[in-house]
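Dropping the structure in here first, questions after.
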Amino acid sequence: MNFTSVQDVQDVAALIDEAIELKNDPLAFRHLGRDKTLGLVFLNPSLRTRLSTQKAASNLGMNVMAVNADRDSWAIEFQDGAIMNGTTVEHIRDAAPVIGSYCDIIGVRCFPGLVSREADYDEHVMKQFIRWTGRPFLSLESATLHPLQSLADCITIAEHRPPHRPKVVLAWAPHVKALPQAVANSFSEWMCRLDVEFVISHPPGYELDPGYTGNATVEYNYEKALEGADFVYVKNWSSYSDYGQILSHDPSRMLTEKHLAGAPGAKVMHCLPVRRNVELSDEIADGPRSLLQLQAENRVFAAQAVLKRILQKL
Amino acid sequence: MNFTSVQDVQDVAALIDEAIELKNDPLAFRHLGRDKTLGLVFLNPSLRTRLSTQKAASNLGMNVMAVNADRDSWAIEFQDGAIMNGTTVEHIRDAAPVIGSYCDIIGVRCFPGLVSREADYDEHVMKQFIRWTGRPFLSLESATLHPLQSLADCITIAEHRPPHRPKVVLAWAPHVKALPQAVANSFSEWMCRLDVEFVISHPPGYELDPGYTGNATVEYNYEKALEGADFVYVKNWSSYSDYGQILSHDPSRMLTEKHLAGAPGAKVMHCLPVRRNVELSDEIADGPRSLLQLQAENRVFAAQAVLKRILQKL
Amino acid sequence: MNFTSVQDVQDVAALIDEAIELKNDPLAFRHLGRDKTLGLVFLNPSLRTRLSTQKAASNLGMNVMAVNADRDSWAIEFQDGAIMNGTTVEHIRDAAPVIGSYCDIIGVRCFPGLVSREADYDEHVMKQFIRWTGRPFLSLESATLHPLQSLADCITIAEHRPPHRPKVVLAWAPHVKALPQAVANSFSEWMCRLDVEFVISHPPGYELDPGYTGNATVEYNYEKALEGADFVYVKNWSSYSDYGQILSHDPSRMLTEKHLAGAPGAKVMHCLPVRRNVELSDEIADGPRSLLQLQAENRVFAAQAVLKRILQKL
């Protein structure tokens, strides 16, 4: 069993419920992971994912071994047939099964290069880890998706769900750096599986891969998109069509209270880390609408629900 | 309950006794920390603090999760209201409560910048962690103080206390780099709470913040200061008045056996790491006067006594 | 009890058997390491050694504390009597006993500088750790030897031993960087203790220190060396006589299937990380002859057998 996308989940609602049950009694399955080892491989920095996944594993009684690849260890080669006379020291075909032989479940974080869309969207790095570790695989954010974040987001929405069918808006916001589309793609594909009205708003040129957004409404007019919203998920991403490029720094897309005049009950979400006063204002981040901390807290139970299911099938 | 200074301790002697009891039976409270997580955040390098605090937590049965901020994770912004369009990636207001939600107790190491005395002595970074994690806080050395070191120093002095009221000398020594005043400030405020004669000796211009040194005698004459000393604590610090500057490299302030002609029974202390043959001579470090290793060993029981008290109040 | 070389092992066959027993029942001694702490100090990168030693310790119920020296901690000075007014921050005489006071067993990885043969072959760094920690010492690869790797290699050979006395060939292969002789030295001294025909093949100028190779046959003709081989251990090393230099990039020394025409049953070994298509071809690495992954897997049981023996003598 792998967890790389919402495609790996048959019944999203049941998984959300399972996570909420674990939140109510985090140590209920503390013996499930006894003598099992979770290996975490970070090819990129991590705070929430690192700590929340460790905590989740610990709640389940697992051992955790983490490796910061390229820093603690050796630079990895991912191209098949490479003549390795350059700077990469070890091939994924050799490194991955070694890690697999020491661990029962493998989690990997591998951001996209944002240079070649084909390479990134092929998920070459993640696929190689999955293929060569030979163990159940847990995505800690891949080139195109961040499923543990999205599951935590779904838990958070479930905890604050209004009595009516909610309107959820994914709102592009400016940023100083070119960021992956992973969180936006992932949130979109999970929203398409919930019973919500899902709207995406961004400047022209920031259209996401339709494979993830499905029947979502794209509303370029930001004000109109926000009207009546119950949840506004603020997030920057770089262009998918003009791959990896920054096409806009439009400061009017920084979410402030003023934007939410037509959505008095809207809750605001962000996966963190957030650039304050660039993506959204302090008043939003620190105000009563903010679900930012709750999302981060729910990362533990998202990871724990998925690890529990994997452990139960080992 | 926080532990950031001797001000957080009502009865210093009782805490020292408690630490010595733990040293005699380190696993006596091994069930106290069961299912509790200690989060350690390092904004600076650490050997003794890192390992001794981990060991202390492990003796109490706690889980430990350590993060090397800026390296494993994201560069943190500490200014309120910052427009985050620069190099910092996450605001302390967002990062700290996330760590707080995963951990029961938070330890942070945050050295001073040594540029602005106001900023450093305001302990802005530490205060932000305390404010925003919402958890009991353990200083692993802040901009101005190093209380776990001082507690370990007090344990070491208690173990070697002569029958008379001892004379303790804090002796400035030269160094190649500008160092914080934290160890010196902290040792001073703890000494002011013990029943000892406390003398500080340094070249003019190295006077410490009087808020920490209280009624200590400042004796500029090094020879006179050392006369009859029972404990000589060697340490470099940069200037407090001419903030962060090196005002002297005076090699006659490097402690050698010759200096201790008038203090035949004197024991020598240093918090480590020490620049040998710059701050003190090899003959001192490796000789029978040296308490350096004992101080380091006692770091475990200092941390364990404090963690035990925090756990008992959780 | 230290483990730095085959010299530390009285009965190699018995140690191999013990490791294989542990492989069949890894948790049989899970209570042996209870309340014992293994300290791992890495002065160099590590993947297999880091994870396999952690896993071995965990199988024995030990706590593990790892330090990446120079990164997590302080740059270490190894010269006695040094006037420490340069870039090193802490002397090994101070750092090592501190680590020793927190841990029951110490493992250290310390690669050679490959500049001074005298310094490297004196094992100055390792000896200082052994001397000053005052704890049982486990080499995680030193300047001249890699005994845990060699023990894992011996386990692997034992698992695939043919009915006849096997021919084992240590085959030098090209590489883009100057590498230590440690794996080659170590493999040689362990092979000299097994009942095997041991042949070493390399271009002229790559002769290893005869102190490790004993009565091994050196056969410069690669084809002749490989004839009838049961095990071919591929490995690069830099010159011992022209110390640390690369004397050959001879591509005909990259092991391919063609080389093994005269050794149809030969198994191929390498300690990893391997430069594919430089040291050996993909067809070898991914083919049925390859024992590379098995060697890596056996690292756990090599470490576990050694740690078990050390724990039993504590």
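Read from first to last, the chains carry the letters A, B and C; within each, the first residue is number 1.
Going forward, contacts are C-beta pairs under 8 Å (C-beta built on N, C-alpha and C of every residue); 3 or more make two chains touch, one makes a residue touch a chain.
These numbers come from a predicted model, not from an experiment.
Student: Go through the assembly and pull out the chains touching chain A as well as chain C.
Tutor: Expected: B.
Student: If you list every residue number at the chain B and chain C contact, are more than half found on both copies (same) or fewer than half (different)?
Tutor: Both copies touch with mostly different residues.
Student: Return the distance between the CA-based centres of chain B and chain C, expressed in whole Å.
Tutor: 39
Student: Give me the residue numbers in chain C that touch at least two other chains, ranges are fine.
Tutor: 71
Student: Which bits of chain A are touching chain B when the two form their complex?
Tutor: Interface residues on chain A, with respect to chain B: 27, 42, 45-48, 50-52, 54-55, 58, 68, 176, 272-278, 282, 285-286, 292-293, 296-297, 300.
Student: Mind pulling up the chain C residues that touch chain B in the complex?
Tutor: 35, 37, 39, 63, 65, 67, 71-74, 77, 80-86, 89-91, 93-95, 97-99, 101-103
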